[in-house]
Amino acid sequence: MTDTREPARPVRFRGGGFAPRPVRLAGPAVFLVLVAAWEAGARTGVISPLVLPAPSEAIGALVELWVSGELWEHLAASLSRLLLGWVSGTVLGGLIGLAIGLFSLVRAGLAPLVAALFPIPKIALLPLFIIWFGIGEESKVALILFGTLFPTVIFTYGGVDNVDRTLIRMGQSFGLGWFSIVRKIILPGALPAILSGMRVSSAIAIILIVAAELIAAERGIGAYIQIAGSLFATDQLIAGVALLSVFGLTVNWLIARAERLLLRWRP
Amino acid sequence: AQDKVRLGALRFTSHSGAFVAFEKGYFEEEGLDVEFHFFQAAAPMAVAIASGDIDYGVTAISGGLINLAGKGAIKVIGGALVEEIGVDGQKILVSNQAWDDGVTTPADLAGRSFGITQTGSSFHYMISQIAAQEGFALSEVSLKPLQKVGVIIGALKSGQIDGWTIVPHIAKALAGGGAVKIIGNVADYIDTYQVTTIFTSSANASDKRDLTERFLRAYSKGIADFNANMVDRTEGEAGLESTTRLIHRYVYTSRPYEKAAPSIRNGSMRLQPGARLNLASVRHQLEWFKSEGLVDEEITIEQLVDTSYVEIDD
Amino acid sequence: MQLRIEGLSHRYGDVAVLDNVCLVVDAGRIACIVGPSGCGKSTLLRLVGGLEEPGSGRILQVGEPPKRSLNPLTYIFQDFALLPWRTVAGNVSLVLEDHGLTRRDREAIIGDVLERTRLAEFRDAFPRQLSGGMKQRVAIARALAVRPAVLLMDEPLSALDSQTRELMMDDLVDLWKRENLTGIYVTHNLHEAVRLGHRIVVMSRRPGRILETVEIDSPVWDRDASDPALETTRRHLWTAMRDEARAVDLELTGD
Amino acid sequence: MTDTREPARPVRFRGGGFAPRPVRLAGPAVFLVLVAAWEAGARTGVISPLVLPAPSEAIGALVELWVSGELWEHLAASLSRLLLGWVSGTVLGGLIGLAIGLFSLVRAGLAPLVAALFPIPKIALLPLFIIWFGIGEESKVALILFGTLFPTVIFTYGGVDNVDRTLIRMGQSFGLGWFSIVRKIILPGALPAILSGMRVSSAIAIILIVAAELIAAERGIGAYIQIAGSLFATDQLIAGVALLSVFGLTVNWLIARAERLLLRWRP
Amino acid sequence: MQLRIEGLSHRYGDVAVLDNVCLVVDAGRIACIVGPSGCGKSTLLRLVGGLEEPGSGRILQVGEPPKRSLNPLTYIFQDFALLPWRTVAGNVSLVLEDHGLTRRDREAIIGDVLERTRLAEFRDAFPRQLSGGMKQRVAIARALAVRPAVLLMDEPLSALDSQTRELMMDDLVDLWKRENLTGIYVTHNLHEAVRLGHRIVVMSRRPGRILETVEIDSPVWDRDASDPALETTRRHLWTAMRDEARAVDLELTGD
């Protein structure tokens, strides 16, 4: 049956790919290489201390902060502001975004308002924020809240817009209630977009902690960075920034976990 | 050919020495082609001098400035704004609420909140001196770093902070509007206060002596002109008017002249003739920064100041 | 529950899809709809299911649905419409959750319908892990779970292998018999149509009109695939459809 | 055939909804009502001028700016920085995001780096930015570039992750080249997420213009706002902020147009 | 081009899907695969198409594909896999764009295949505007456009009405005849299988093994649906499959 004179070769595999798999240790490796190069550059004088202090100096500043016991106070102060501001901004933004995604009237009325208010620089409004919210915790939390509110609104309604309409029609055809459809079809469908958006909004929240702690803050990583910047104490500046990076990495790791758990249905 | 000089400035009346020198051609006479670079805050200006983006600048002595000097990047070479007893200078203010609450003298500021722009700013220094003189610890005052003058004004008006110090024209405008109360003068607490200084990069100070001297000469002429017209008013109304117009090209530009003129006039304070520098005041400030742990213990007055350019009061 | 479709017309933008369709489906009887691809069968079913608003004409339901029916008018979608983030059991559970059943009742129903669609083994699989036929069976299981009074089926068996299809057909026949179900059944398979329908409706090409209606009065559970009467009907329908399809063909190649 | 004794009622329509339709004029109406209420509040003294100046005063400041001819200079300066920074940040971020979405190794190496660098507050690094990029246009553009780069990376790879894998397999089965698959399947599939992300990144760019123009800027809306803020000239502050809002609305409108054009295939 | 599948096994995680499948499809001949839902037919086809890597065993193509074939091994997906952002014409165009054809050549091919699938009228419609059968026809048109040497078809006609299906089958037969096409054809329809296949392979339930292979030697273009020999084969296959399905059924209800 087989014509053996003709050339036989295996069918070429052309599928696969386009599905990134975790590569262990690549992340830490990149970090290590970068920091090592930076340290080497600083030690050999290629990078002048004016341009960037050596990582070892920044670590020195961190150790100092830790020994003095101020580290925990700074961390605790910033974390509580971050959490309060980010969580409330995300919840509120999620609700508004959902409303914009669901109701024509809300969309027509609020979407342009969001587009108009989002690009207002919160730092520029600091003078007014203080009048509105005082110089206590309120104004700091409010700043983070407003900073994360608008992007969350936009992600959420973007995600809702992208939910497969056939699935919604299916829910309706089974007489599911409006709330059931929103909770069981629209929210899970928008979840990938919302989680991806939360990566961004959490980073924005962390960025804003510095702006928030410009206002009458004695404690907090933002205040620490601020003082370091105004004193041009670059080692402390980098140490503070590194702490914020660690915040960012932690949140990112948590969101990645959540994605793995909540989006495991994705092919 | 003219030597190019990049001069950093803030759009404040206290920088008018440079504006006058430029407009009246004093820089040109010294063979300097001056190019202004305007900043929104003093701190970036100091950094820009360290990075070599600009050559000269004028600003208050701050922790950042001292630290940059400690890194060997910049040097103070002359003085500008100074406060002395007897000259109308910075005022101590309290909010109406604090006043009603019995804060009527600087001594009452103990246990109160006080607005500053940043830790290590001149405001921080001033309250520390007031506290020292009145005999209470600085830690008894709750310092509120609020970054910007505008923000502090807002906080003071709305009674969220109790006290502040600020230049007289702003203080009087606020008090005149009934928004705050003036309870004293900073000059009473600090015996001759060198508020702002002229500074440049260490490289300029050591390697471009000729250029720097020419710059300071022209700047001094501008200062003399400014003092004569705006402070002493020796040229009468005409000189005041023409100099105000000249300054208005740089300060409050987004307001029409009629609105800007009073602010410019009231804000004009005497600049140090010949860019003299009060080294004693500078040294005192340096020691204070060290004692507060804001700057490196090792930094010496020699690292901070190059005394070879102008007359020194010590 | 009887369904009455009166003078139904519908269009999408410029495209007229249905043109004056009139049809009565009596309680406990099944109407099978056949017609060329794109003639508006799915649209008709969506309209009857209340998922779209008719351009003109109306659709009436006559009589009360039985009390125990959770969703009287139930739809089986042509493209399955499974929630990708729910497992097989979760997809069935979805349609039971809004009816105040206890957890145990729900579990019992889910277990029962998955058993009947031979999916018990896959109750915890996600849709992406299922084959085409299995997805279709999940869609059927989900529809059975709500004990419909009227079942609207859009090619419910097209992706199934012939044997599974045979078994599912037996299941449906059983359902008719037990539950006195009313149904509209869209299919391309004339064998299926004559096997399951009491009334077979042939639709014209787009805009869909009713070309012909054939009644088969014998009870579905008594029908035999080899019955010559059924075969005659099938051949008759076949001719009707072929003529229509030829007309489409000529029209298209004619210009 | 019909049993007329039984009640007949039309089948209840239960589809529809979940598809917001444009409601004309609702957006402008909301704006008008808000501004009118604000003006009324300011005139009657309900809103003290300390808390917020009347809109008419802000308009006055705008008119002043316009008459003095500075308006155009400010606008031109800010717009050119914005465009340069945002476009380059978007292009660069899009490319990096795509690479992270496509290559396992890039993802493993860069995704954590992005998570670590994104939350670094650009304002805190202003002193270093000046050392690195000088005080010219470079540092301003760089600030906006870095501010928009990271969010764009995250949206883009979020969008790429969400592209239907069957479509990619289809492309492979037809022997489409790698570039074709990326260009014709992955990019269009990620487009909804990318466009939604561009709304956010453009707003971030506009916000950052204020921080960017802290650095030795004579002209620009950010500089104008900055000066107004430091003088507590709230009318000018609001005027400047309103200009940024108009920027935001314009970009938002452009993106909405692009969405209508590019995503018209969505049901 | 001949296809040789040798000892092919495959599993997804814990689930064994294919078990030692051996099959040879000679050039110009069509193998039809039938088997219960979920037995691994689509998986087999994906493996042959090079879209997945086999767990063990190998798939060989023997001989060179004809020069004019743009994509020798072409796959028709069970779920159509149309790009929602391209029109009908755009979806076909997609697979032609990487082959250096001129615009005119492309347009000619697109026009031709859309005509053959009776979609010319819908060339500018987006997939969301199409009925299920029309989507399937677009998928077929797209596959025809690249002039395949081996066509891998996963229930290509299941969503089509019987008349369109008949016409498409004629089209396929024509294609075999004209282009000397090799094919693997997965179907649930035994009529289709005996009509189109030279070799009919019955697969067992999961993990899919080959249960039985039936050869039909008459050329497909000479076959007549009423040929009693074909009917006998069909009945024979039917019995084989029913036994397998019964086994599945017993297994499931047994525990």
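The chains carry the letters A, B, C, D and E, assigned in the order they are written, with residues numbered from 1 in each.
Convention: a contact is a pair of C-beta atoms (placed from the backbone, for glycine too) under 8 Å apart; a residue touches a chain by one contact, two chains touch by 3 or more.
Just so it is clear, the model here is predicted, and its values are computed rather than measured.
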| item | value |
| --- | --- |
| Touching both subunit A and subunit C (chains) | D, E |
| Neighbouring chains common to subunit A and subunit E, by label | C, D |
| Pair exhibiting more inter-chain C-beta contacts, D-E or A-B | A-B |
| Subunit B and subunit C: spacing of chain centres that average the CA atoms, whole Å | 85 |
| Centre-to-centre distance between subunit E and subunit C (centres being mean Cα positions), rounded to whole Å | 26 |
| Centroid distance [mean C-alpha coordinates] between subunit D and subunit B, Å | 39 |
| Touching two or more other chains - residues of subunit E | 46, 49-51, 73, 79 |
| Touching two or more other chains - residue numbers and ranges from subunit D | 14-15, 50, 126-127, 131, 166, 169, 172-173, 175, 226, 229, 232, 266-267 |
| In subunit B, residues with contacts to at least two other chains | 43, 47, 50-51, 64, 148, 150-151, 153-154, 158 |
| Those chain pairs that satisfy the touch definition | A-B, A-C, A-D, A-E, B-D, C-D, C-E, D-E |
| Subunit E residues within the subunit C interface of the complex | 12, 34-38, 41-42, 78-79, 115, 118, 120-121, 129-134, 137, 154-155, 158-167, 188-190, 238, 241-242, 244-245, 248-249, 252-253 |
| Subunit A contact footprint on subunit B (complex, rising order) | 43, 46-47, 50-51, 62-64, 67-68, 71, 73, 118-121, 143-148, 150-151, 153-155, 158, 160-161, 294-295 |
| Contacting residues of subunit E [partner subunit D, same complex] | 46, 49-51, 70-71, 73-75, 77, 79, 81, 83-86, 94-95, 97-98, 126-128, 142, 146 |
| Partner subunit E, residues of subunit A touching it in the complex | 1-3, 6-16 |
| Touching residues on subunit D, where the partner in the complex is subunit A | 14-15, 18-24, 26-31, 34, 50-52, 100-105, 107-113, 115-128, 131-132, 150-151, 154-155, 158-159, 161-162, 165-166, 168-169, 172-173, 175, 181, 186, 192-193, 196-197, 199-200, 202-204, 206-211, 222, 225-226, 229, 232, 234, 237, 240-241, 244-249, 251-253, 266-267 |
